[in-house]
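Take a look at the structure set out below.
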Amino acid sequence: MSVTENVEVTGHLMDSGILSRVLDDIRQYGGDWVIKHIDVGHEASDTSRATITVTAEDDDALQRLLMRLQTRGVNQTDPGEATLAEADMDGVFPDGFYSTTNLATRVRIAGRWYDVENPEMDCGLVVDGERVYTLPMSDVRVGMQVVIGASGIRVTAPDVEKSGDSFGFMESDVSSEKPQAVLVRQVADGMRDAKAAGKKVLWVGGPGVVHTGAAPAMVAMVNAGFVDVLFAGNALATHDIESSLYGTSLGVDLSMGHGVEHGHEHHIRALNTIRKEGSIRAAVESGVLTGGIMHALVKHEKRFVLVGSVRDDGPLPDVHTDVIEGQRAMRAELTDVGFCLMVATMLHSVATGNILPASIPLVCVDINPATVTKLADRGSSQAKGIVTDVGLFLEQLAIELVPDYRRA
Amino acid sequence: MSVTENVEVTGHLMDSGILSRVLDDIRQYGGDWVIKHIDVGHEASDTSRATITVTAEDDDALQRLLMRLQTRGVNQTDPGEATLAEADMDGVFPDGFYSTTNLATRVRIAGRWYDVENPEMDCGLVVDGERVYTLPMSDVRVGMQVVIGASGIRVTAPDVEKSGDSFGFMESDVSSEKPQAVLVRQVADGMRDAKAAGKKVLWVGGPGVVHTGAAPAMVAMVNAGFVDVLFAGNALATHDIESSLYGTSLGVDLSMGHGVEHGHEHHIRALNTIRKEGSIRAAVESGVLTGGIMHALVKHEKRFVLVGSVRDDGPLPDVHTDVIEGQRAMRAELTDVGFCLMVATMLHSVATGNILPASIPLVCVDINPATVTKLADRGSSQAKGIVTDVGLFLEQLAIELVPDYRRA
Amino acid sequence: MSVTENVEVTGHLMDSGILSRVLDDIRQYGGDWVIKHIDVGHEASDTSRATITVTAEDDDALQRLLMRLQTRGVNQTDPGEATLAEADMDGVFPDGFYSTTNLATRVRIAGRWYDVENPEMDCGLVVDGERVYTLPMSDVRVGMQVVIGASGIRVTAPDVEKSGDSFGFMESDVSSEKPQAVLVRQVADGMRDAKAAGKKVLWVGGPGVVHTGAAPAMVAMVNAGFVDVLFAGNALATHDIESSLYGTSLGVDLSMGHGVEHGHEHHIRALNTIRKEGSIRAAVESGVLTGGIMHALVKHEKRFVLVGSVRDDGPLPDVHTDVIEGQRAMRAELTDVGFCLMVATMLHSVATGNILPASIPLVCVDINPATVTKLADRGSSQAKGIVTDVGLFLEQLAIELVPDYRRA
Amino acid sequence: MSVTENVEVTGHLMDSGILSRVLDDIRQYGGDWVIKHIDVGHEASDTSRATITVTAEDDDALQRLLMRLQTRGVNQTDPGEATLAEADMDGVFPDGFYSTTNLATRVRIAGRWYDVENPEMDCGLVVDGERVYTLPMSDVRVGMQVVIGASGIRVTAPDVEKSGDSFGFMESDVSSEKPQAVLVRQVADGMRDAKAAGKKVLWVGGPGVVHTGAAPAMVAMVNAGFVDVLFAGNALATHDIESSLYGTSLGVDLSMGHGVEHGHEHHIRALNTIRKEGSIRAAVESGVLTGGIMHALVKHEKRFVLVGSVRDDGPLPDVHTDVIEGQRAMRAELTDVGFCLMVATMLHSVATGNILPASIPLVCVDINPATVTKLADRGSSQAKGIVTDVGLFLEQLAIELVPDYRRA
């Protein structure tokens, strides 16, 4: 026997294509729909509002579909009250738990709406007195109160005002054929706006930053205050340090452009050197490490979180070898982030996209289109992609952001 | 003041191009060379032998260069004796430690040659009584005896007999334009040869195995005994399990080919379900998990090592969240591996390439040429690359290996 | 002073996302809009109808915008009458000519609607007595009557019934991560349907068909009647013939999988041999050419059009060296084509997409995602893309289509 | 019965890897070898010399193998005399014709050595009195004297002095991870050197030059005298002109970075406009075309050759629609070219590589690694590849080459 629920969605439904995606979702989850009512924005600047009756074959399927629709900003017309269940195992949610989006979310309990503190996708919602917050599965503890089903929950999708948007480049697609100079300027503006608003700029970087010779540009941007937090792996930091200690990075002699195919032992020696010092900071303070990106971050008291991976050598003493601990350390740095730039890393970009609220502007730069596509596919719908050469892009960005870069 | 050393190299120097790479290395490490003597193999099947005097600006540079040349199978003419130093910090090698290759290696101590037990690249060499073994940096403990410099060490590069090699496909390059049916047969032969020799077949896989619909083919090969060990991450196992539980894999309805763009909540629910059971094996035993790759591995008592990454949701209870622990678990499974197939994963392929002796045949299959190139660049010189569609490749491989596949 | 026009559009507006694209177009052409009326399909199977008032700054801009909107299937509410102008130069349209879409199109002249004979994009519309047909720019002759502006024209977009569509795979995106076996079957079904309906199957192929070892599979499909017409360049035919004459194809020894890096002189000799015979058919008849794809096409009296490019050696005597003549020869073969498969060629796929009516199902198979994306970007909106290995794909397709393939 | 011949090769045999490739060739052509003698350069700067006896199964196979080896700079020890045969059909070489390389070549006739005027690969050698020149197959005419077999021919491979080479970047591989700023400078130096030597700089470009917003940079370089000849297709010129006339290029609004998905009718109107004027030069002179790359070339009396392809709309009146005529027009512009830069086009890059002597430095820039790889695979062994973003690369190159670029 089928069950139904009325849902509603508001926004630029017509021109954003959101309605088409909502109806797609319903079908792909095996449901059906009737549009009960639609108020079309007549003029380009109006918002629209639609009420849709969705049908699913049983309550379980319906709950899942409703949770799914919330990732599009579609809420139940009559949201009702949140249902709670107690976790009875550490690290496991109760059955039927509400699986979160990264959109702004509110939960109604006993007639009152609570804002979810830290929107993050693929988590559960934990209610603790007056607080409601997202929690990853691995952090669940016995006795926590967890939201079940989609009742009592309301999400708000960011309203993508398309044409007037100052940050509206690359709206619908990922392309390597775009006027790149304009994109550089737009990223620079995004960073300046974040800083002007008192927010932090988060960078997520891969070793390509060093290999493409962009470390000096990035150092200039650290010095100029445009890098508040860096998320990376063992590789970026090691290659940066190797480059400072030996002038090479995994076999590339950076001043000459000659390729040293495998310079592994430089790499492994750089790791050993920093491990001997105890930490990157210690190596800076002892005078062993005197240049590069990591040095600049330490000097300017900026934050960095390095999280390891299974292919790591060493690793550096600062690297979180436990990836779940690493995720926690990354989450702890997200407060007040107002702009995020991801450069040349698929692994850490996807990891950051997983924990970043959808409200934070996000630009992903990579020569590999797959990185950008993957990010959007995983649900970071706010991601803007730029397929370009990382080295030249960061060089241009430094010229935009740092007045005396390349003049000194 | 410059210092010199005589080195020698034996093999198919002319036709393998090895000599050219050796001389390149010398220059790129800032050294110089004189060819003292060369015995050319006159006929195609003869081996050649060259003696070269290499010069470097100081002893430090010379030691590094000598270590570098050993990755090519070049040894000192007069190897001398190994020098040892004691580690005085946990997790840190003594200065000037010998950085290993993944080639067969011997060490001379007190006039006697010892075989290194487990060749692995980017490690140190630890001497413990009669044993000499490679050790990764993070496992060094105070008091261990570690080899310093390149004296007393002799490596043997596998002799690549080019044309007559039964496994000689894809010699010099990575290409998507190759007669694929031949390549499929060659991989099948490699696996059969390993099994016939009483060796294990190691698979390294990414989630693409499931997304491309190749799970049934892989299950057939597990059942037929061609998968002894699987190295993977959280993603392959989760998508495989999600597919068994819900018939979807990250949004792909596998029987219809319709794309479900983001099916995240299926994914997250599959994780929660297995976490509740306690382990993949427990889920098989309790009847919760009844199909798919992981199920087949458990049923046939095959081994798997899952190592986590920073982008993981969940993860599954079987996943090593500490990547250094994960590497140790992978190393422990390498004994008796006689063939390695890597499919659709850059991260775990590079990780496995790092720890695999060069003597084990290694084939890497990916639709992305960069994965294959990266692997070879990192030093897995024995790697053969096949750029093709993973789903169709595994389908063909199952047809080759499993007589009644697709007939049942 | 701004000018306005009422337009209307009918179809699955909500779930196809078409409305959002229409409104995007209006903005990007500098216009504005008011939705006057919208009839939403309440149930999933209903069609919707919208009436929109569009505004542009002057009549020129308005005409362009209206022509643009017709590529989306949007027509003027009051279509009026077509305006004609006479061409006064060979090879040049009159100013303001109507630029065609590849959709089914009708033109109203003197109160009567005429069907356009051969929808093709980026052409003009020529009226000749009772006939209205598309004509490429280079074929215009002085005195022809050409339609000016968008009045009196009505286009019909194919109604993409999404979920129920038997040919609905890969709806919105291009991906290498799809269950490939399903896709193979769907292509096979598309071909069988076309043949069952008495239509022709058109193949467009690049040399990768031969390099990947798929020539035997394609020969089997020619023999079985699933290749009625082939569009290709000099390269596919030459490599196929080279392979028959010498057993190599640009350096790949097909039976062994060994790469012959450059086998140019085989290539150039194959060209010389066929040129000496006078044509491919003559070489078949004289017994010089006894196998391969081109041989099979000749034997079965199938059609092929080879069009040259600037990188060609030779070329074969059958190759059209004048590309405009080549386009004409391709157009002449489109009659009764009911299915089109494009394999491993960007150049000829885009060329064919340019002249193919949108009503003909079109599947593009390439290991390079860019080919598929490019095709869709150029306006072949009906194109379905499959990113996979061409060799394995054709092998599977032959197994599907030819019962005794691989059994003989 | 097998036949043998002695061949010799001189150069940096050891460190260039050339010997290994020569021996590979022998095997891949089914031959065998004995190294009779080898003089190794003892020091890094010495050249080596090897004499090799090659064996093949019959004279035909031997002649082919000898021709093949000449592409590596390997000549017969006793070159003998060239054998000539008369062409007896237009457009067809006599059987057994010598197939050329793009290396410097000499031919011995009646005891005297003649320099081949215009080395080009995959051609025949025509002897006409005192002249010997390469001729493409399609230009052969009855009665011409054509060289048969490999006797009497001597080729000289450019001596690749590896480490000391000022233009030695990217020696052995194609990579996107290189310090890009160094590469930009090296290309700039290559152009300056050519100009200083009184030579011409040849550009080969695709439409990506315009799409990535690099047209202003290229215009600056035309104005500054660093573009003497441009080879391109219809697309680059049309998009450049479209951009000047309408401010768009295939749907990209260049000043804003907003994507206009398909702006086809702008494109088709730009074509019509220039066709009406009769030629690009006429459009410049009449004041219709006032900016962009083509305008700059006309203004500065620079040369351009546009050759059509089967996917062209229009085309522009300046486009050679016959590709063989187009090739002839390209060949006619090669005199005095001293440097060649290929940007963002696979088709025209391969076409140019086919006709360019190996002695001309050649750099290929593309975001797609396949373009660069293809070029080298086709025999343009001198090609250096840079995988990067074309827009940012040309921007940087203009900054390097044009002192007041971006200051005005």
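Note that the chains take the letters A, B, C and D in the order they are written out, and that residue 1 is the start of every chain.
In this text, a contact is a pair of C-beta atoms (placed from the backbone, for glycine too) under 8 Å apart; a residue touches a chain by one contact, two chains touch by 3 or more.
Keep in mind the model is a prediction, meaning the values are calculated, not measured.
Asker: Counting C-beta pairs in contact, which chain pair has more, A-C or A-D?
Answerer: Top pair by contacting C-beta pairs is A-D.
Asker: In whole angstrom, how far does the Cα centroid of subunit C sit from the Cα centroid of subunit D?
Answerer: About 31 Å separates the centre of subunit C from that of subunit D.
Asker: Can you give the whole-Å distance between the Cα centres of subunit A and subunit D?
Answerer: Roughly 44 Å, centre to centre.
Asker: So what's the Cα centroid distance for subunit A and subunit C, whole Å?
Answerer: Roughly 39 Å separates the two chain centres.
Asker: What parts of subunit B, by residue number, touch at least two of the other chains?
Answerer: 258, 261
Asker: Take each protein chain as a node, join two nodes whenever their chains touch, and name the resulting shape: line, ring, star, complete or other.
Answerer: Here the contact pattern is complete, since every chain touches every other one.
Asker: Show which residues of subunit B lie in contact with subunit C when the two form their complex.
Answerer: These residues of subunit B touch subunit C: 168-173, 175-183, 186, 208, 211-213, 252, 254-259, 261, 367, 387-389, 391-393, 395-396.
Asker: For subunit A, which residues count as touching subunit C in their complex?
Answerer: 14-17, 19-21, 23-24, 27, 32-36, 38, 40-44, 162-163, 369
Asker: For a test of understanding, state which residues of subunit D touch subunit C in their complex under the given definition.
Answerer: So the residues of subunit D in touch with subunit C come to 24, 28, 64, 67-68, 71, 89, 91-93, 97, 99, 121-122, 136-138, 233, 253, 258, 260-262, 264-265, 267-269, 271-272, 275-276, 307-315, 317, 321-327, 330, 347-348, 350-351, 354, 368, 370, 377-379.
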